[in-house]
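Here's the structure, in structure tokens; my notes come after.
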């Protein structure tokens, strides 16, 4: 297998990581930070696992399926939380997370 | 739940991360690096997931069980590879990995 | 050089990472999250660089001095922010950060 | 400042991370692994710091200049090591590293 075969997942992971970190950064600047606490928390969890998994794919990890599974679960949880909030950064993040969750699921054996 | 409840797992993860990285470093200095290639690869996979999971526990991640599962799988694979090699760093690493795999399994829901 | 020579720094990094993540987790649960936004942000920055540097030391990185320098700067910034807040987790985190900053400075060439 | 302002650096970091991990993976499969030991080691250092810095930029880290400096040093060291080897993956990696080193230098205050 080559990195090329994973290109669409790598892109989804990368967009999700960036969207989660931008949402995290923006949430910390919102006036209603208290309402955004769970969003901030899940944004970090999701950004970190997406960054992790993307690196792991790029170095030819033998654990694609196992990492894809946990990543899909975390992306889905973050996407569902972000969906609840009307901020544009949250909605954009929800889209990236749920798209990434689907991409990851396609790699689960 | 508190960090205290996870203390023994945190210690196992930390020892495993350190042992894997020391084994990785030592393998790269061995004369028979070619024979150690799979060990080097798995040492990195295992050190990275243990470091990741330890941080995740310490920040109160909601994904303990999911991360514990993938971590136990990677620790077991690394431990089994290390066991094959007579170098002291490999044997020491195998012990740390297999002990950590068990600790992680105890957290899988 | 051996890992043993870095033992006290490794311990300081590890305690700092844990304290920052516990402070981050606790800040997200505070009623005055808005006041804690900068603390949350710096806790993550500091936990991440400490975890990173600890792993790098354990794998024999050739970049000890360079990483120690950036780590000391981030620890100091996080410690100074935490010091401003009366919460016990912030005060505990400030201590761990400032101790770690000193430990890192001792490694800067 | 916005993520947009950092777009070219983010792309350079991302390409460098991917190239380093692909080089690392390929080096571990080479017959002359022993000759590649330093390349394997630096590929990991460089991939890890690039992935780290990219994430840090995307979450609005206040430590752009400090992280850019250490990243440029590690990228340059990895690029110079890779340049010594004729393997296509090493030459490709050298290019990505040296390009990324320049991009990082542009962010050093």
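Read from first to last, the chains carry the letters A, B, C and D; within each, the first residue is number 1.
Convention: a residue touches a chain if its C-beta (ideal position, glycine included) is under 8 Å from a C-beta of that chain, and two chains touch if they have at least 3 such contacts.
Treat the numbers as computed from the prediction; the structure is a model and nothing was measured.
If you compare B-D with C-D, the chain pair joined by more contacting C-beta pairs is C-D.
Computed from the mean C-alpha positions, the centre of subunit C lies at a distance of 24 Å from the centre of subunit D.
Within subunit B, residues 41, 44, 48, 59-60 each touch two or more of the remaining chains.
Contacts between chains leave no pair untouched here, as each chain touches all the others.
Only residues 41-42, 44-45, 48, 52, 56, 59-63, 66-67, 69-70, 73-74, 77 of subunit D touch subunit C when the two sit together in their complex. Partner subunit B is touched in their complex by these residues of subunit D: 28-29, 31, 33-34, 36-37, 40-41, 44.
Within the complex, the subunit D residues that touch subunit A are 3, 14, 17-18, 21-22, 24-25, 47-48, 51, 54-55, 58-60.
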